[in-house]
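The structure appears below as structure tokens.
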């Protein structure tokens, strides 16, 4: 396959960026999208040019590092991570636009690499259960109804890639935040911190400069792990509940 | 408490949802009242008069009406201010657009902001036209709402403004009602279909019900 | 003196190993270890490198205890460490199934599974702690699979006869890591952990014989800085990426442990590599990594190749009597469920005979046609649906219609830095935990044991043992950036990066990585021979020499430069590869993941030589390309007596 790539190039956080055009040839349909970029980078290095910087690590769809907007879609046309997207999803002669996640809470570091540390700070604000090592009771002491356990798991699957923010026209982090709130708040182990968790995480989310939710559903469509839009509703409910309860205290 | 709610994006969304639902409730009543125009000037004007005497003798003349007006103005202001502040925040959160454009989300969702602005302007016109009579075409007659309505919809622009606004209202309610349910945490996977149906039905009924008035005037059924 | 002329030094003795009955040793050691006064803990700084299961859990736990933790990871977030990719599950001797499991049985299985090349004391401790890990993780909110009664579900894994594996669908590693990450996040928020993401350790600072800090590079700005502490913990993972293609993450690397080795930490059993039989084969030269599929697939799939060489008909056109179900033929009683190392080697053998399938003949079929016939498509889908989907996404082939193609791939390294019972390396104050140490798995790791060991080390072992070291060393003797040793280490690091940038040759870092990786896969992979290893040992120094002549790294060191990161990692692979080959060469026996063709039974099975090799080989670094010194740690088996494995 022969392709034309238009790639966002930006030297560093302070520099102006722009799209640059590259031609790549000999692309196999079996290549992953990132392997296609590897091919481009090998050529660029040998030509003495700066290779395209992009985040990637596990390349099996679980670490959440890869983060490209391909032809306007976070992670490209298939519902998966960029690393699990294969070139057979494109046709010979295609022009492909490759851009970084765009949100003011995710500033560009270089080219296609962005800073997602805002997500870490949202988790730090309350996305945990206080259970110091050694203090745990016997695992079977508290049974968890299977539907609750499954609900928790479904939300715990979030890989923190940020596609939800990238896809949201408001740059909102509601889906990410709600995934963690729901995972922990449904479990009996998470109950003691149920109110503070959601209030603190939402406050931090606002603090980081993410936008508000207008329920466009773009986030859930882009999510490679299928976190449902309804997750946001559940978090809203938790937030309202917590607001009422904390107000009474 | 109130401060933290107002400072939070979720709090502002809650304000929007609650104020939106108040306005929606009012619109349903308003639409039903409007349809009385099909039963002639007598009944319609009497209904107009009744609105001022509701609650008597406990309430004084027009007190109930003013109470409703105050609540509505508060709802409109809260809704608009929240929307403005949230929109500004949303635009700041996504300052640069993608170079590669593609259509996103549903029509109703995307038109929420523009629809909201259209509806805001419409409300101003509507009040000046049929409540105060300031911009009314022809002679505005206090206490004769039937004639005033017929006058308004006898002009082409009156019909255009009204019908465009009511279509915008339908789209706004279609997304807004479902969205408010989500914001208030009332949605769930099992309820989602039902909520979407209710939203669509409400949107359709209100739009059709309101548009029925100018249509009646235009077709001569109401004159 | 050439590299292969290594000398044998004094034996290494684990001075921290407690004596007495095996089940009392951990308690005994914990009691004998000195404690640090809680009020003084804040004054101690501990550096932790890596945020995987071991590093994340250690950082969180040390901070909870009151230590000041300074933690590093090369990823943009501690949540992305490669532990996240572990699929299968985590073992624990809970005996919830009442199926005869016990701490002793898990201990026994692990020592035997490791082919008698692990320490009994360590393995027993691991089995004891396994039950606490499950409690801890459940308390943190890890969403393990549950049954309808609300209790935890378990399954049998890797041919083990008891159901002791706890799991969270196919994402157990992810869920356990997020648990540790969340505990760590809590400590970061509390100010007890100073977290440095996107910062890579490039060297170790050893002052007066004690580990006192590290040199690390900020991957965004390129700034190289020194960080000081009272102890340094390496939790940087394994070194499987020496092979270029492996199931490791792209950026997983050996730099932290290799630099520590160069500074005096001995490296034990580097040749012990686990090769996993059920990975998706490579599709071409562009392949950048390999993807594992859970070995549970072997429970129902049948593995075969055509009987005839070079038979390139599509699988459905090959009649039944022209297929060779080779595992079922060679191992009639275990069939497709033989241990990982045996299944891997058998696949290699049939492919070497020219009977492999798929591109390049590097694959064998894993066929579910019979399973679908027997159980129905629905049942197969319920059991393996997500794996089939993953396979289809990567290969574009429908495994319900066409047999899967699989091939072995490097998956885990049992070798690593030599540590004593306290997990301390031969450099006082330097600890190694998780896959980074030479670990408790001996010569072969059992399925679902890596997660168990990482968390045991991080949550329970290290936080107990590091106290002893810190308590015995006085507070207040500070090292600072002005110390001559620090200056020297910093200058060496800067010079190395500068040199990489200044060669301006004509080959990319990846091309060298690929070359050494292919060499290692061929000669130090699934089957090793004296002559092959010698060939590799001759070639590696040549590649190294060529590397420093022809490497091309664009850009500068003062910016985000992924080529520079990569090139610097390849520098270390080019040295580590050599030690791996030497270790494989010296160990003229077959055991676990290490198969020497010269040492096999008449029917082609691995033959251990306990009289000669019942020891862990700890290597001391003497200089790049210089012959290292071998120190043997004799392994004594009091409870589990060595037997030859047999699966026929």
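The letters A, B and C name the chains in turn, as written, and every chain counts its residues from 1.
Just so it is clear, a residue touches a chain if its C-beta (ideal position, glycine included) is under 8 Å from a C-beta of that chain, and two chains touch if they have at least 3 such contacts.
What you are looking at is a predicted structure, and each value in this text was computed from that prediction instead of being measured.
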Contact-richer chain pair [A-B vs A-C]: A-C
Nearest-to-centre chain - CA centroid comparison: A
Rounded Å distance, chain B centre to chain C centre (Cα mean): 64
Chain A and chain B, separation of their C-alpha mean positions in angstrom: 37
For chain A paired with chain C, centre-to-centre distance based on mean C-alpha positions, whole Å: 27
Complex interface listing, chain B residues touching chain A: 1, 4-5, 7-14, 86, 89-102, 104-106, 109-110, 112, 175, 178-179, 181-189, 192
Complex contacts: residues of chain A adjacent to chain C: 11-12, 28-32, 34-35, 38-39, 42, 44-46, 48-51, 53, 55-65, 78, 80, 84, 86, 88, 109-110, 113, 115-117, 119-120, 123-125, 127-140, 142-146, 149, 152-153, 156-157, 159-160, 183-184, 187, 189-190
Chain B partner contacts - residues on chain A that touch it in the complex: 6, 8, 19, 69, 71-73, 97, 99, 102-105, 168-172, 202-203, 205-206, 209-218, 228, 230, 232-234, 236-241, 243, 247
Complex interface listing, chain C residues touching chain A: 57, 60-61, 64, 75-80, 82, 84-85, 94, 96, 132, 134-141, 143-152, 168-169, 171, 174-175, 178, 181-183, 185-186, 188-189, 195, 197, 220, 247, 249-252, 283-284, 286-289, 291-292, 390, 393-396, 459-460, 463, 506, 508, 510-511, 552-555, 559-560, 562-563
